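The chains carry the letters A, B, C, D, E and F, assigned in the order they are written, with residues numbered from 1 in each.
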Amino acid sequence: MCERASEIAATSTASISASLATSSALPTVAAIRPKRSTPQVNVIPIGVDKYLMGGFVCWSQKIALIVEDSELVARMVCNSDRKQFASILFTGAPNTGKSCLAAIATKCVESTMVRVCSGDDMIALTDVAKVTALRKVLEDTYSNTVNIVLLDNVDRLIEYCPVGPKYSNVVLQALLILLKKTPPPNHRLLIIATASDQCARAFGMHDLFTSVFDVPPLSTVDHLMAVIEDSEVFTDADYGRLRSRLSERSSSYSIGVKKLLDLLELAKQSDPRTRVDFVCTRLEKLISL
Amino acid sequence: MCERASEIAATSTASISASLATSSALPTVAAIRPKRSTPQVNVIPIGVDKYLMGGFVCWSQKIALIVEDSELVARMVCNSDRKQFASILFTGAPNTGKSCLAAIATKCVESTMVRVCSGDDMIALTDVAKVTALRKVLEDTYSNTVNIVLLDNVDRLIEYCPVGPKYSNVVLQALLILLKKTPPPNHRLLIIATASDQCARAFGMHDLFTSVFDVPPLSTVDHLMAVIEDSEVFTDADYGRLRSRLSERSSSYSIGVKKLLDLLELAKQSDPRTRVDFVCTRLEKLISL
Amino acid sequence: MCERASEIAATSTASISASLATSSALPTVAAIRPKRSTPQVNVIPIGVDKYLMGGFVCWSQKIALIVEDSELVARMVCNSDRKQFASILFTGAPNTGKSCLAAIATKCVESTMVRVCSGDDMIALTDVAKVTALRKVLEDTYSNTVNIVLLDNVDRLIEYCPVGPKYSNVVLQALLILLKKTPPPNHRLLIIATASDQCARAFGMHDLFTSVFDVPPLSTVDHLMAVIEDSEVFTDADYGRLRSRLSERSSSYSIGVKKLLDLLELAKQSDPRTRVDFVCTRLEKLISL
Amino acid sequence: MCERASEIAATSTASISASLATSSALPTVAAIRPKRSTPQVNVIPIGVDKYLMGGFVCWSQKIALIVEDSELVARMVCNSDRKQFASILFTGAPNTGKSCLAAIATKCVESTMVRVCSGDDMIALTDVAKVTALRKVLEDTYSNTVNIVLLDNVDRLIEYCPVGPKYSNVVLQALLILLKKTPPPNHRLLIIATASDQCARAFGMHDLFTSVFDVPPLSTVDHLMAVIEDSEVFTDADYGRLRSRLSERSSSYSIGVKKLLDLLELAKQSDPRTRVDFVCTRLEKLISL
Amino acid sequence: MCERASEIAATSTASISASLATSSALPTVAAIRPKRSTPQVNVIPIGVDKYLMGGFVCWSQKIALIVEDSELVARMVCNSDRKQFASILFTGAPNTGKSCLAAIATKCVESTMVRVCSGDDMIALTDVAKVTALRKVLEDTYSNTVNIVLLDNVDRLIEYCPVGPKYSNVVLQALLILLKKTPPPNHRLLIIATASDQCARAFGMHDLFTSVFDVPPLSTVDHLMAVIEDSEVFTDADYGRLRSRLSERSSSYSIGVKKLLDLLELAKQSDPRTRVDFVCTRLEKLISL
Amino acid sequence: MCERASEIAATSTASISASLATSSALPTVAAIRPKRSTPQVNVIPIGVDKYLMGGFVCWSQKIALIVEDSELVARMVCNSDRKQFASILFTGAPNTGKSCLAAIATKCVESTMVRVCSGDDMIALTDVAKVTALRKVLEDTYSNTVNIVLLDNVDRLIEYCPVGPKYSNVVLQALLILLKKTPPPNHRLLIIATASDQCARAFGMHDLFTSVFDVPPLSTVDHLMAVIEDSEVFTDADYGRLRSRLSERSSSYSIGVKKLLDLLELAKQSDPRTRVDFVCTRLEKLISL
C-alpha cells in the first residue's frame, strides 16, 4: 500500500535521495515541483494540492531526512500489526514550509483520501462547532483502509495567540483527547499536523505525537544558494557573485524558505543588472527584522 | 476477595516478584502482556482493557514496588474495618505508562466491575454535565461490595492547561469534594486516578489521595535494555552492540516507556542492518527535544 | 449551659487535661475516640458526627491548648452579656485534623443543634444559590439559645484554588459580611470554621474571627509516637525499635495526623515482621513528597 | 446646627478634650460609651447606633484629634457659603474602630437623619442594583438641610478582594463619580466613608475625599493600658503588674482596639488569679499572627 | 469669531497676561473668578459653568502659558483653511484643576454651544449605550460653525481603574477612532478632554491629541502663597508668617490647587489665632500622605 | 496595468525619484500634494482620498525607497504568473504617515477600485459582525482584475490595547487566516495594511506579510527642514535661523511627520516675529513628552 515519497518525487523532476547520498555539500538540488498548470490530481489528493502550489525545493540533507522519516511512520501505520495508529507533527518558525512537508508526507500512502482540517474552513465558528468538526474528521475512520487526516496549522484551530496568551481551551482539550484516542480495531489512522514551534512548545505537543519534526530555517550560504539556483531568476554569471556576496556575512542566516521564494519572485520585477544587489539588500533587511 | 496483582501477572508470562526478589540488577525482565488477539475479558474488566493493549514491561524494581504497594491499598479497602475508603494517584511525566499501572491496580480486586471515567467520553461537555457524570460515577456505590472507580487523566477531566493557566474550577471543586467524601456505611470504595505530575503538583493533589505513586521515566541503560530486550526487534547479536552504544552517553537518560516502545515499533520498519544506529540516533533526538 | 470539652472527652477514654497538667513530655496520651459502632448521638449532634469518625488523638500539649481555648470562646458566647457573638477559625495544612477539632469545639455547648454548612452539599451550585444557603444558615438564629454554625472547609465554600488564583468573589463577599454581622439582640451565635492556612492567609481571614487556631502538623518523634502507640498496630517490642528508628532522622518531621493514621492502617496489611521497616520507609517518602 | 462631638461625648461619661488638654500621657481615659440598655435614640440616629454598641474608648491623643478634625469638616459643611459639600474617609487596618469613629462624626450635626449604606443590605445584589441603591442614597438630598450619608466599609460595596485582585468596576466607577458630584445649589451634603487602608491605597481614594483620617492601631503600652483600665476586667492590683509585663516587650505593639476589647472580654471567662498571664500570652500570639 | 481667553478673564477681576508679562516672580496674582451668585450665562455656556464654580486662580506662569496655548489651538480651528479639526488634552494629577482649565479653553470661541460629555450622565450605562452617546456628541457637528465638545474625565468614560487594570475596551476603541475622525468638509471641530496623567500615559493618549497640556501641582512657596493670598482667609499680618513657615521645608511641595483651596476653606472654621499653625500642620500631612 | 507611483506624483508637483537620484543630502524636496479643492477622483479612488488630504512630503530617501519598494510589490501582483497574491504592511510609531503611504501604494495599479476596511465603519460592532465584514472585503475578489484591499489601522480592527493587553482574538484569528488565504485561480489580490509597530510586533505580523515597511519618524535636522521648508510658514530669512537653532540640539530628534505638520499649522496663528522661537520651544516639548 505504501511507496516511497522519494520515488514519487522522482517521477516529477529529480531524485533527492540519490543526490543526498552522493554529496553532503548539496552540489545539485532536487526539486519536487509540480509543473505549473499540469494538475497531478491522481497522485496528490485534492485539498492537499494547494499546499504544493509553490513547489518544493529540498535545500538541505535535514529536509531530506524529514521526508524520509515521515515516510517511515506512514509505512509503520500501513504495515504494523501492533501500532496501527500514529501521528506526526511538523513544527518550526513561520514560512519554513511545514504545510508543504506535511502534504508530501500524505503522499506516502497510495490511493487514499486525505481529509484536511484547517482554519480556512473554521473562521469565527463557535468552540462547539469546531470540536464537532474535529471529531467528525478524526473519528470517522473507515475500516481496513489507512485513514489520513491533515490538521493544518493547529495554532489557528485552537485560536492561539501568545499575547495574553489566549486560546480556546475547549478546542485544545478536545484535540488533546482526540490525538490520543486509538481508532477502533482494524482501523489504521495517520494524523499529520503542523504547528508553529511557539505553539507546540507552549502546549507541550512534543509528547502528544509519535514523531515530531522541527523544520529548520535556511541558515548557511549553501542552503540559500540551493534555493536561489533552483529559482531561475538569475543568469549563470550572477550565481557566483551572489554566493561570494552572501559569504561576506559574519553571522549565520535565519530565513524561512517561503520568505526567500517570495523575495526571489519580487526580484524578477527588478532591473536584471542590479538584481544581485537588490536581493542582498532585502535579504539583510528581512533577517534583521 | 483480593488476590495479588503479581499472581495475576504470573498467569500471563513470567513472575516479576520472583525475578525481582533474586536480583536487583534485573537480569531477566518479566512482562505482563496479554497475548494480542487473545481477549482476557474474565480477568480484566471491560473498559480497563484498552489501557493494557500495549502490554506491560516491568522495567525496574521501582515499577515492581509501585505494583506491590498499590495492591496493598486495594487489600486494605477490601479487608479493613476502619478504613473502607481509599484513593490512589499515579502521577508522572507523559508517556510513562501511568494508565497502564492504574489498570493493573484495578485487577487486585476480584470479580468487581470497574467504572471508568475519562476525558474520552466528555469531549466538549459543559461543566455541569461533567460534574453530574463525576457524581454519578463516584456516588453510585453498591452496598457490601468493593467499588472501584478509575479516573483516567484528571488533567482532561478538569480541562487543565498550564498556559494561562486555564482549568474548569467548577469541575475541580467538585472533584476536590468528591475525592474526600466517604461513602455511606458498609460501602467500600477505591478510587484510582492518573494525572500528569505538573497538574498534580499545581493543584496540590498529593494531599488528596491516600497514596500517591510517582511513575518515573527510564533513566539508566539497564532500564532501556529491559524494554528493548523484551521487544524482540533485534537479533541477539545486536543487544550487546546496543548496550555498549547506549553506555557511551555521559549524562543519564529520561524517556517514557511508551515513547521507547513506539520507537522500537518504528525501528521494525527500518533496515535490520542499520537498526542499532537508527534507534540510537532517534533516541538521542527524542531526549534532547 | 456549657460544660468543658475535656470533660466530655473524659467520658470516652481518658483525661487529656490531667495528663497534660502533670507532664509536658506527654508520657501517656489521652484519646477522645468514640467507640466504633457505638453511636454517641446524644452527646455529639448529628451532622458533626462524621468529623469524629476517625477518632481523636491528642498528640501534643499544643492540641490540648487549642481544645481548651476554643472551649473558652464558646463559654464567653454562652455567658457574656457584652459579647454574645463570636467566631473561631481552625486553619492549618491539609490532613492536620482541623474539622475534627472544630467538631469537638461544637460539643462545648450542651443540648444545642449544630447547623453544618460544608461543600459536600453545595457541589456545582450557582453563586447565588450558595449565598442563599449561607445566609439561611447564618441568619436563622433562634432567640434565647446559643446557636452554633459549623462552616467546614471554607476553601470549598468560596471555590478557592491557588492556581490562577480562582475563587467565587460573590460567595466570598457574602461570607465577609455575614461573618461580621452581629445577630439580633438576645441571640447568641458561635460560628466555627475551618480553612486551609493558604486560603486563610490569602484572604486575610485572621482579622475576621474572634479567635484563630493554627493546627500544626506532627513534628517531633514524641508527636509521632503518641499517635503510633495509640494505634495498636504494633507489638510492645516494636515501639522501642520504632522510636529509635524515628530518632535517627536529623531534620524535624512534618506530617498531618490523618496521613499518619492512614499509613498505620495500611501497615496493618503488611507483614507484621517487617512492619517497623514498612512504616519508616513510607513515612520518609511521605515527608519528602 | 452643629455642636461639638466632644460635648456630646461629655453627656455620656467623661470629657476627652479636657483630659487630653491637661495631659499628654493620658493618665485618665475618657470613654464615650452609651449605657447599655439605655437607648440614645434622640442623639444618635437609628442605623448608626449599632456602630457604637461596643462603646468608644479614646485611647490616645491621635484619636482625639481625629474626632476633633472630623467635627471641623462637618462644621464647614454646615456653615460655609462656598463649600457646602465635603467628604471624609476613615481608613486603617481591620478592627481599629473606623466605623465607630465614623458614627461619632455623624453626631456633630444636630437633628438630621443619617442615611447608612453598607454591605449588610447588599449581599449578592447585582452590580446594577448596587449602583441604583448608591445613587438613591447619594443623590436624594433634601433642600436646606445638611444631609449626611455614611458609606460603611467601601471594600464590601465594591466587592474588593486583593487576591487577583477582584472588585466590581461598575460599582467603583459609579462611586468615583458620585463622590465628586456636587449636590444641587442650596443643598449641603456630608459623605462619611470607611475603608481598609489596603483598599483606599489601591484605588487612590485619598484624592477623592476632602479629608482622610488614617485610624492607627494601638502601639504603645500607654495605649494598651488606656483600654485595659477602662475595661474593668482586672483588679486594681493587676494593673501595675500588667503594665510592667507589657513593658518588657522590646519592639512596639500593633493591635486593633476591637481585637483588644475581644481579648479582654474573653479574659473575663478565665481564672481571675491567672488572668494577667492569660492576657499577656494571648496578646503576644495575636501580634505575632 | 475668537477672542482671547485672557481678555475674557480681564472682564472679571484682573489681567493675568499683564501681570505675567511684567514679572516672573508673580508678585500680584490675577484670579478669574465668577462673582458667586452672579451667573455669567452669556459668556460661559451652560454645562461648562459648573467647572468654574470654584473660581480660577492663575498661580504661576506655567498656568498662564497653558491658557494662552490652548487659546491658540482654538484660534487655529476657527481660522485655518487647512486644519479645521483639532483636539486638546489636559492631563495631570488629581485635583490640579484640569476641568477648570478645559472650561476656560471653551470660552475662547465666541457664541457657540459647548456640548459636554462626562461620566456624570453615564453612571452604569452599558458599553453600547456609552458608545452611542459618544458618537452622538462627536459626530453631530453643525456646518459652518465651530463645534466644541468637552470630554470631561476620560478616565470615567472608559471606566479605567489601574487595579487589574480594568477598563472598557469597547468604549476606548470607539474613543480612539472618534478622536481621529475628521469632521465632514466645512465643519470645524474642537475636542477638549481631561484625563488623569496615569490614564493618559497608560493608553498613549499623547499621540492622539493635537496638543497636550500637563497641568502641574503647586510646588514652590510662591505658588502656595499666590493661592493663599487670593483666598482672603488670613489677616495681612499672617501672610508674612505663613511664607516664612512654608519656606522652612527643605524639599519641594506637591499639592493640587483644589486640595489647597479645600484646606483654606476648612481653615476658616478654625480659630483665627492659631490658623497659620492649623494650615501648616494639615498641609504637611496632606503632602506626606 | 501598472504605472509608477513616482510618475503619478510627478503629475502633481515635482519628481522625487529624480531629486533623490541626484543627491543624497536632499537639497530640494519633492512633495506629492494634491491641490486642495482640486479633486483627483480619476487617479485616486474614492475612500482612499481622505488619507491624502494632508498632502505628502517626501522628507528623506528612506521614504522614497518605501514608495518605490511598495510599487514593486504591486507590480509583481500585476505581472507575475507565479505569485498573484501579496500583502504589504506599513508599521511605525503614531503620526508617521503610515496611512498616507498606504494610500499612495494603492495608486500604483491603474483603474482599479480600492476597497477600504477601517475602524471608522466598525465602531462597536460585534466580533462576528466584524469578521463577516472582513471576509466580505477580502474574499470578494473579481476575476481577471487586480483587487486591492486597504486595511487601515489593524490596531482598531482587532481592538488592540496594550493595557492588559486586550484585543479581540476572534477578529485576530480571522485576520490571520484571511491574510494567508490565497485567492481563487486567475484572481490577483494585493492587501495593504497599516498597524502601529507595537501591535505588529506583539502579534508577530512581520511573518504574515510579503513585505513590511517600517515607517520611521523624522530624526535629523535635514528631515525637519525638508518638511518645514515645504510648509511655506516662514519667511526665507527664518529658514537659516531655524536650521541653526535646530542644529543646537545634541541628541537626535524623533517626531512623526503629522505632529510636525500640526505644529507648523499652529505656528501660523502665532506672531510672525517670534515664530522661529515658538516652533523651537514647542518642538522641544513635543519630543520630551
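We adopt the following convention: contacts are C-beta pairs under 8 Å (C-beta built on N, C-alpha and C of every residue); 3 or more make two chains touch, one makes a residue touch a chain.
In UniProt terms the chains read A, B, C, D, E, F = Vesicle-fusing ATPase.
For clarity, every value in this text was computed on a predicted model and none was experimentally measured.
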Taking shared numbers over all numbers used, above half giving same and below half different, the subunit B (Vesicle-fusing ATPase) and subunit C (Vesicle-fusing ATPase) interface sides are different
Inter-copy rotation, subunit C (Vesicle-fusing ATPase) to subunit D (Vesicle-fusing ATPase), in degrees (Cα atoms; steps of 5) = 60
What whole-Å value do you get for the distance between subunit A (Vesicle-fusing ATPase) and subunit C (Vesicle-fusing ATPase) if each is reduced to the mean of its CA atoms?
-> 61
Cα centroid separation between subunit A (Vesicle-fusing ATPase) and subunit D (Vesicle-fusing ATPase), in whole Å?
-> 70
Contact residues on subunit A (Vesicle-fusing ATPase) for subunit F (Vesicle-fusing ATPase) in the complex?
-> 36, 50, 53, 93-95, 119-120, 123-124, 156, 159, 161-164, 166, 256, 259, 262, 265-266, 268-270, 289
Okay, in this complex, where on subunit A (Vesicle-fusing ATPase) does subunit B (Vesicle-fusing ATPase) touch?
-> 72-73, 75-76, 79-83, 86, 127-128, 131-132, 135, 165, 167, 169-170, 172-174, 176-178, 181-182, 202-204, 206-208, 210-212
